[in-house]
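Structures are listed in the sections that come next.
Both complexes below contain chain A, partnered by chain B and then by chain C.
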Partner chain A sequence: MPALRRRWNALEPILRLVGFSLVGLACLGPLLVLLYGALAALPQHPDWLLLALPTGRRAGLLVNSLELAGGSALAGMTVGFLAALALWRMPGRAARLLRGMALIFLPLPPSIHALAWMAAAQGLNTLLASLGMPEIRLMGWAATLWVQFMALLPLAVGICLVGLHTLDPDALEAGEMLAPGLQVLGQVILPLAAPMLAAGTGFLFLLTLVDHSVPGLFGVNTYALDIYAEFSASSQPGRALLLALPCLVIGFIVLAGMQKGIRRVTQPVVWARKPALQMKLPAWLEILVNLGLGMVTLQVVVPFLTLAGSTGGAVRLWASIWAARSEIRNTFWIATAAALLCVVMGWLAARWLACTRQEPGKAGGAPAAWLVVTAPLAVPAPLIGVALIAWFNRPAFGPAYGSILMPMLAAAARFLPFAAILLAAQFRRVDPLLLDAARLHNTHPLRTFFRIRLPLAAPGLLAAGVVVFALTLGELGATLLVIPPGQSTLTLRLYNYLHYGASEEVAGLSLLLTVLLVAAFGLGALALSLWGWLQEAQS
Partner chain B sequence: MRPTLQTVLAAVCLLALLAACTPAVPSVVIYTSVDQVYAEPILKQYEEQTGVRVLAVYDVEAAKTTGLVNRLLAEMDRPQADVFWSGEFVQTLLLKENGALAAYASPQADSLPAASRDPDGCWTAFGGRARVLLVNTNRVALADAPRRMADLLDPRWDPSRVGIANPLFGTTYTQAAAVYAALGDEAAEQFFTDLQARGVRVLDGNSVVRDLVASGELDFGLTDTDDACGAVEKGAPVALVYLDQGEGEMGTLVIPNTVALVAGAPHPEQGMALVDYLLSPEVEAELVASGWIQIPSRAVADRPACPAELPQRGMLVTLAEIYARLERAKTDLTEIFLH
Partner chain C sequence: MIRLEGLCKSYDRKSPIIRDASFDLPDGSALAILGPSGSGKTTLLRLIAGLELPDDGTIWRDGEVISEPGWAIAPHRRGMGFLFQSPALWPHMTVAQNIRFGLAGWARPAARQRLEELLAQTGLEALSDRFPHQISGGEARRAALARALAPRPACLLMDEPLTHLDADLKQEMLALILSSAAAARASLVYVTHDPAEAEVVSVRVGRMEAGRLVFPPAGEGGAG
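What follows is the complex of A and B.
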């Protein structure tokens, strides 16, 4: 066994290098493929370089985008924090249920949120008209900001909840003893959660920056719309990439700024031990906290009621679901395969993030590694699709291109960062003494892996798989470009019906997406509980 | 006896071998921007008639027409599709310009007007939709509705109740280029500048224009006949108006379907057979009956109730002339509408 251990020790750095290279390739590959294409075209089209400079009209559009992204992110995180504070302080099972409900519409595409709010506004206007009151016009900046904020709210609440649960309970309890209520919030909770809240704000900012669907629906011009107009008219990914360069640069700056917060996720999440806080807040803040909770409720109730009310009845709903059975099957397999791939690649990525030198009390991982792993978050989805075609549509890849493998790869290329971050967080929770003990006992490396590493990482693997599965359910931009002929997904079908104007089908399929998501989260939560119960029983 | 790992692996290998030995069903791959709800029954019928499996990829409006055309261009070195069937012609001409289409003179094209055939044989146009003004008749009496495109600038209309889809995308972009071809660059630029200055609502797509006119949030808006007829069939208080039908006016733009064989198609024979089928009078009649085509290229016995009438005066510009104005239109419209 010592000989085997020695051989393994010699081999491990090489395997690790190969693994990290694979992760780097998966995260940066699409961007590099596009960059190569753009640079190769520059000698023939030197004027393309001007696209990368946002001057005149484009500078104005960029300012629009920055304002919208900044506004949505700040509003989302502020209200999200207030709501999360309410949910965090809430005791018992009801809180767990409410937390789950707050996150239900997380993967629903923002344009479906927009349609739900448009339908709700229409209903309200009918009521207002019957009362002889002026109607509300859901258009322009205010409408865009509102819908974008509402669509991002579940994510904001989720991030804030993670931020609150990563706080050190001892520090909070000590703070509560010295200065209760508002001072604990202002002097302990907020400063401790600040990196996470900043990372969340950056993440919401990025999501709004690359989205053109909601602003487009409400007549607001943004830089993302300009990129799509260029891509649509020229069909040149190189031109689109150069035009997107200012957004990408901003995206990378934001990602770099988010690093501290993202790495904070890798601090142990103390779900099990919640600090015993009284947290007596002043009345005005209690009102704000409850208002935040009210907004979250609104974000769930309005889309749900609008969608449920538009399905055309149970028979019609069943007909919509039955007609989409092959898309449901495809979506399930694609999402499952993407989740599995992201879990495997995420493992490698998380090892990379966790293996670099760590200082006591600080979250680990080299900033460069974090930047590489989170890079896909800044790349628009259609560009990832185009890059995958350029990459995989070669004889060397044989029938893999044109198979269901491609949409699975597209989803994995987009959502790997989420899996990596969750797994890195899980690795930080593993007691290194257990691994050292296995090493000291010269256990077979595979045995160590299957008997120690894998069981310890299981909750993280499950969480990463469920999150990637949920996000893949709503993927459209990259899937459209690589879906194999003769196949479709639930989201593709939904968007196809959107143009046809079949609102019953759109509502039915949106509800189905939500149900699938709830099922995925529910099963994930159940499996996590079972795992925890098994661990407890064993110990 | 419990199955060992070896037994399971052997069974899997056997199944894989059996699957590989199954005689391959002939297939053809089509990329289409025609709405799935219209295209799918036609393609299924072809499967039933010929036994050839049709593998389709459908586009979605949310992709802003960047979807399948970009995919075809990206796949040019190793094409996967055999046939491209578009609900319009601009993207088809773009594909031809980039060398993504192959020449194929379908015998079915003989019954179509000469202008429907590409001089190089790279595409064939048939049947289509017209650009139309959809009017909410609860808000505006049909007799008072605009009759010319220029009437959209009339100060008597509240601009916030007039809608167009974003003219940088889709068929509204094509219509804008057609206006450039018909009026000349300067006059067209002035028209769109005035339209924007008036503050008409620029919406995300033709279906949004349709929905807002149908709901009464807009008095009227420009859209396609298929969208407009969808609202009529749902019983919305709307009516269709073909603009510029008078003597000396520019006429209504009809946007035909286009069908093309992809250059380097993996199944060229099957591709040609599918092109022939799609261009057949029977398929055109079925697409008219289903509501995808409102302006047929050939005489059709049974036309649906919508549209009640066909435009009397089409635009007197060729598809190539419209295509030639796209670049100028895009440059101007980006400056005018996207800031």
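What follows is the complex of A and C.
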């Protein structure tokens, strides 16, 4: 055993280096491939450089995209914070139920929200027409902003709730002993939650900036959609990268600004109790808080009612599902494979992120490692697809290129940061003394891994797997480019139908996707609760 | 004068954490409450502070009801200061800003004067511009005491404020707490699990036993 251990000790740094290199490659690989392609093509096409400087129509497009991303992020976080404030202060079981309701559609892709609002507008227009009133046209920038805002609202509420729940209860109650609620909110709660709120705003901004599914449905052109159109027209990965450059630069600046907040998610802070805040707020603020809660309710009620009401009955719903069985099968395999890949790669990435010893209040890992691992968050979805095409569209990868491996890799490349952050958070919640105790017993590293590390990381692994699975179910931006001919996914089928407006089939399939997503999250949450209960029972 | 009568609190309706707690606390006097972990000491203090609402019973301050079932005055309007087990200083504010937080309604010169008084009293003049992470644990406790004293509370509530301090620092801090409370003529409710500490704080010592606050008969180390 000691000889084996010595060999392992010698191997460990090499394995770690290989692991970190793999993670670096997964996170930056797509960009590096595109960069290589662009640099190789530039001597023959120096005029391509002009693509990197948005002028004329593209400058306008960039400004509009930034306005859309900024508007939906700010509106989402503002309303999300107000709703989260209401839910956070609410005591008892009702609050738990409301929190569950507010977050239930968190995994729903924005395109499904778009469909639901289209269906709602149709219903409203039927009513207006019967009353002889003019119809409401749900198209253009305003509609895109509204739907994007509504789609991001559950995520915003979730981020704000995490931000509020990670505040030190004593610090808040100390404020409450000395000053009225508004002063505590303005001078204690908001500044303390600011890094998380800023990271949340940045995150929503990036999600809107890199995705084109909602604008595409409402007839709005955005920069991300232009990248997709450019590659579809030219098939030149280098051109797509140069065109995306302004978007990428802005994305990385925002991402760099978000780092403090993202790292705070992984702080090993778990408060034994929640502050018992009485916190009386002025009437005007209470009205706004309740309005925020109302908007969150709307975000749940409208999609659910419109989808459930537009399926055309059980027989029609079953027919829609049966017709889409091959897409459902593909989606399941792609999501499962992406989740497994992300969990494995996420483990390696999380080791990198949490590799330094923890200081109180600070997350471990070098800032550069964090920036590398979170880099895919700033990359427009179509660009990931373009990079994979550039990488795999060669004879050596023939069978892989024409298979559903491509959308699986695309989803993994996009959602690896989520798995890595969740696992890093889990690693940092594990008491390092538990691992030291295993080392003191001179246990073989593999035994330590399977008997100690793996069970301790289980909740994080499960959460990471479920999140990536759910996100992959709704992935569209990259899948649109890399899906092999003759194959499709559920979201892709829906997206193709959506251009013709809401129909019974679309509503039925959207409802199915919603149920699948909610079930995936629900099962994950149930498994996590059971795990916690088992741990408690054992201790 | 603070008066508690028949205070009850439970979190799950099955096992009350506070049962029928009653006592009077005249102005300027001190009461130490002893008890093991989980006996309800902290909850009792939080009920007095207004951080928790009682299920039953009433709390008076100077003859005025400040808490009864279903109704309570907000914590910051009770004229009480609270010292937690941890300093709970706000990390984004300097020591001076932490202390001045409770003086928001004061005129600027009066607030400045009060701040200077407290900084001198707690020996923090040189550290007023430092942030909590730039001062030691003992200094942070002193800053927390100054913050609690700032709005001149009539009553100071202390929840094991010397936890995790070494013996020398404990003595120094305890002396500062007692002298500060005396200087402010504030009454003191001091929760601890250390009988020696309780005896230093007050001749009147109550004990929490399974949610009940009991006072030993006069002549046995306490007076009810």
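Quick note on the criterion: the second predicted complex is superposed on the first by the 456 of 539 C-alpha atoms of A that agree within 3 Å, B and C clash if a C-alpha of one lies under 4 Å from a C-alpha of the other, contacts with A are read in each partner's own complex, and residues count from 1 in each chain.
The rule is simple: a contact is a pair of C-beta atoms (placed from the backbone, for glycine too) under 8 Å apart; a residue touches a chain by one contact, two chains touch by 3 or more.
As the structure is a prediction and not an experimental result, all values here were calculated from the model.
Judged by the touch definition given at the top, the superposed model places A:Val188 against chain C, while chain B stays out of reach. In the superposition on chain A, A:Leu35 makes contact with neither chain B nor chain C. In the superposition on chain A, A:Ile483 contacts chain B only, with no contact to chain C. By the touch criterion defined above, A:Gly175 lies against chain C but remains apart from chain B after alignment on the C-alpha atoms of chain A. In the superposition on chain A, contact of A:Pro382 is made with chain B only, not with chain C.
In the superposition on chain A, A:Pro237 makes contact with chain B only, not with chain C.
Across the complex, chain A is touched by residues 46, 49-53, 72, 74-76, 80-82, 84-86, 88-93, 101-102, 104, 133, 144, 147-148, 150-151 of chain C. In the complex of the two chains, the chain A residues touching chain B come out as 57, 60-61, 111, 122, 125, 137, 139, 212-213, 216-217, 219, 221, 225-226, 228-229, 231-233, 235, 237, 382, 385-386, 389-390, 393-395, 401-402, 476-477, 480-486, 488, 492-493, 495-502. Those residues of chain A that touch chain C in the shared complex are 168, 170-171, 173-181, 183, 187-188, 191-192, 276, 278, 280, 361.
Across the interface of their complex, chain A is touched by residues 27, 29-31, 35-37, 53-67, 69-71, 73-75, 77-78, 80-81, 94, 98, 160, 166, 168-169, 173, 201-205, 207-208, 210-211, 215, 217, 227, 230-231, 234, 326-327, 330, 334-335, 337-339 of chain B.
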